[in-house]
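See the structures that follow.
Both complexes shown next keep chain A, but they swap its partner, so chain B is in the first and chain C is in the second.
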Partner chain A sequence: MTKSAQQFEIQSLDHFTEFVYEQGWTDGLPVFPPTREAIQRMVDYIGRERGEVLGSIYPGDGEATIENVAANCVMAGCLPEYLPVVLAAIESIVDPDLPLTTTQSTGAGALCTIVTGPVVGTLGFRTREWIFGPNGGRANATIGRAIRLILWNIGRAHPGKLTKGTMGHPASWSYCIGEEQELSPWAPMHTDFGIDAAESAVTVLKAGEHSQIAAPLNTVGLNECINILARGIGRPGVTSSGGKRAFLFVINPSLAQAFADAGYSREKLRGALAERAFKYSYDWQNDSKQGNAVPVADPYPQTPSERQTMMAPVLPDEVLVCVGGGVAPRMGQCVAISSRSSAGRPFLTKAVKFPQ
Partner chain B sequence: MENIEVVSPAGIEIVKRRGASPRLADLNGKTVCEVWNGVFKGNQTFPLIRRLLKQRFPSINIIPFTEFPHMPGGDNPREQRARAQLVAKLAQEKGAHALISGNGA
Partner chain C sequence: MNAFTVVSPLGEARSEPHAEKKHLGSAIGRKAGFIWNQYPTTKDFWEQFENAITLLGKPPEVQRVYKKNTWMPLEKDRFIELTAQVDYLVVGVGA
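Presenting the complex of A and B:
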C-alpha cells in the first residue's frame, strides 16, 4: 500500500519559518524546508516507493511512509545517505514489541539511538570526545534530530496533548551516538543480538536517566571499577516499577581496553555488571512478572530504605555495553543510561538495510 | 524569488478521531464497571474507590474488576487491541454506563 503526503506552496524562506511554527511541524527548534526536490533525492537514494507504508507511530498512530520520514529527515538536516539508518530506527519504533507508552507517559523518557558497525565510520559519526554531543558531527546530530521530529510529526508526540510526561528529557532534542570501532577491543555491540559483525545496526532504547560515572581504574583498580559501574544504576526512583529493563553502559575506549587486557569479553563484562547490580522497586507487584524478588543488602545503611528488601536482580541480558567517548589513559569514564520501560521490550536492534 | 514547495512531515491519519462521550450528570442508578490491568495495587485501591462512590451515589451499581478478565495489557502489546475489544464487549453485556479503565500514576 502506498500513500502520499500533503503539499504546500510557500512564498519564501522567511515565510517558511513562520509557516512551520504555525503548522506545528517543529518541537521548537528551527528546521530546514522539506522541499519536494530534497525529499526526492532521499527517495531516489533509498530506491523505494515514496508512499510505502512503514507502520504507525505512537501515541497518535500516524502512519509513517518513506515520504514523510524523508520529509522529517530533510527538516533535520540529514543527508540522503543517513536515511537507511533512520529507517532501521523506525523499524523498531513501529514494532509492537517496543511499545513507546513509557517514553510518553508520566516518567517522560527519551529514545536513545545507538548506531553500530561499519556505517558509523562511513557516515562520519563522532565517536570520541563528547560522543553524546554537541560535537559537530552531522550524522550524530541530524539522525537523532530526525527521529525526534518523526515522533513529533508522525507520532504526534505533543506534550500536554497525547504526551503526558511530567518532566521531559533534555536529550530528546537529539539522542544518537555511533559506537567507536577502531579503538574498541570487541566486535560491534549488535553482535550480542545475533547480527553479524560485518553488518551495521541500529539499537533503539527507551531511555530514562542518563548519568556520568567516573571509574578511576588508575587509583581503585579494575575490580572496584565494576562495583562503581554496577552501583551507578538502579537507584531508588531511577528505575522504578515494571517489566523488563535495560541498562546501557557506554564506556570509553581506555576502560574497554583495560577490561579486555584483563580477559573480559563483552559478554563476561555484562555478566559481571549484572552480578553486582540491583534495581530498586517501589512496587514489587509490577516486577513479579519477571521473576521473584531477591533481597539484597541496603546500599545506603545510614539512611535505610523502608523497602530495603524490595530489590530485583539485574539479569545479564538487561545489560548492554557499548564503547565510545574520548581516550583518557588509565581513567575510565562511563555514561550509564537506564531504560524507562514497563511494557514490552526496553530496546530493539535492527540491521541497517542499504539500497541495492 | 520563487515559491518553495514543501511536503508535509505529518503522519497520515489512520485512526478516526472522536471526541470523548459527555460525562454522566449523576451516577445514581447507573452501572459502572472496573477494569484492572494488574498493577499499581488496584486490588487495594478499587475497593476504596468503590466505597467512596457508593457513599456519594447510593444507588450506583458497581461491577468489580473481578468480574472482568485480568488485563495486564501493557505486557502484551500485540494483544492490546483485542483485549480492549473484549473489555468493551463485556462492559456492554453487563449494561455499563461508564467504566473505570485506569489505575495508576
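Presenting the complex of A and C:
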C-alpha cells in the first residue's frame, strides 16, 4: 500500500518559517524545509518505496510512511545515513507491545532513544562528555529531534488536544544517546536482548524521571556505589503505578571499568542493582498490579500519608545498564532513568536494518 | 533562495469505516452489554453502576466483557461478536 503526501510551493526561506508555524508542523523550534529533493535523497539512500506504510502512531493514529518519516528527518536536520536508525525506532513506536498511551497521559513521559553497536561510531555519535547533550553531535541531536517531530506531525501528539500530559518533559525536544563502546568493558547493551554484538540496535524507552547520581568511587568504594545507584530509583510518586517497569542506568566508562575490574559482568551488575533497589508506590492504584508488593512504614513519617505505602522488589530484567558519559577516574557518575509506563512494555529494542 | 516545493510531514489519520447508526429508542427491556477495563479505582463504582443500569433498564440478557488490561482496545473480533449479542453497550475504559 502506498500513499503520497501533499506538496506546497514556498516562495522563500522566510516564507517557509512562517508557513511552518501556520501549518503547525513544528513543536515550537525552527525546522529545515522538507524539500522534495532532500526527501528523495533520504528515500534513495534506503532504497524503499516512499509510500510504504510502516504503521500508525499514537495518539492520532497517523500513518507513518517512508516519505513522511523522511520529511520529518529532513526537518530535524538528519543526514540520509541516519534514516535506518530512525526507522528502527519507528518499528518500536508503532509496535502494540509499546503502547504510547502512558507517555501522553497525565504523567507526560518522554521517549528516550538509545543507539547501540557499531553504527554509533559510524554516525559520529557523541558518547562521552555531556552525552545527554547539548554536545554538538549532529547524530544525537537530530535523530532525537526527528523522533520528536514524528510524534508531533505523524502521531499528532499536540498538548491540550490529543495529548493530555500535565507537565511535559524537557528532554522531549531531543532525547537520544549513543552507547560508548570503545571504552566500555562490556558488549553492547542490545546483546542483553538477543541481538548479536556485531549488529546495531535502537532501544526506545518510555522515560519519566531523569536523575543524575554521583557515585564517589574514590571515597566510598565500589560496594557502596551499588547501594547509591540502586537507592537512586523507585521513590513514591516517581514510580507511582504498577505494571512492568524499567530502570535504565547510564554509567560513565570509569565506573563501568571499575565494576568490570571487580568481576562484574553487565548481567551481574543488573542483578546487584535489582537486589538492592526497591520500588515504592502508594496503594491508590497498585492493587492487582504490584505483584509482590508488601506494605512498609511510611517513608515520610513527619508528614504521614493517609495512604498505605507499598514496596516491591525490582527484578533484574527491569534493569538496563548502558555505558556512556565522560571519563572521570575514580569518580563514578550515572544517569538513572525510570520508565513512566503503567501499560505494556516499558521499552523495546530493535535491530537496525541497513540498506543492502 | 528561489521558490521551492516542500512535502507535508503529516501522517494521515487511519480511519475505520463507521457502522450504520441504529436508533435504540428506549433502553428499557433491551439486551445490555458491559465492557470494562477493571481499572482498580473504578471497582466499587462499576459494580454499583452496573447494578443501577440493570435495575433501571431491566435487560432480559446481559453480556459482560471485563478486559485484562487498561491500555489496549478490546479485540475487534470479540467486539463485533458482542455487538451482535446485545442491543446496547456500556463502555467503561480509560485510566
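The criterion applied here is as follows: the second predicted complex is superposed on the first by the 333 of 356 C-alpha atoms of A that agree within 3 Å, B and C clash if a C-alpha of one lies under 4 Å from a C-alpha of the other, contacts with A are read in each partner's own complex, and residues count from 1 in each chain.
The criterion applied here is as follows: contacts are C-beta pairs under 8 Å (C-beta built on N, C-alpha and C of every residue); 3 or more make two chains touch, one makes a residue touch a chain.
These numbers come from a predicted model, not from an experiment.
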| item | value |
| --- | --- |
| When chain B and chain C are modelled together on chain A, clash or fit | clash |
| A:Q7 touches, of chain B and chain C: first, second, both or neither? | both |
| Partner chain(s) touched by A:Q333 [first = chain B, second = chain C, both, neither] | neither |
| Contacts of A:T142 with chain B and chain C, given as first, second, both or neither | neither |
| Which of chain B and chain C A:N68 touches, first, second, both or neither | both |
| On chain A, positions contacted by chain B and by chain C | 3, 5-13, 16, 19, 25, 33-36, 39, 56-57, 60-65, 67-68, 71-72, 75, 96, 99, 101, 149, 153-156, 285-286, 289, 342-344 |
| For the chain C and chain A complex, residues of the former touching the latter | 1, 3-14, 38-41, 43, 69-72, 95 |
| For the chain A and chain C complex, residues of the former touching the latter | 3, 5-13, 16, 19, 25, 33-36, 39, 56-57, 60-65, 67-68, 71-72, 75, 96, 99, 101-102, 105, 149, 153-156, 284-289, 342-344 |
| Residues of chain B touching chain A in the complex | 1, 3-15, 38-41, 72, 74-75, 77-78, 105 |
| Footprint of chain B on chain A - complex, ascending | 3, 5-13, 16, 19, 23, 25, 33-36, 39, 56-57, 60-65, 67-68, 71-72, 75, 96-97, 99, 101, 106, 149-150, 153-156, 241-243, 283, 285-286, 289, 342-344 |
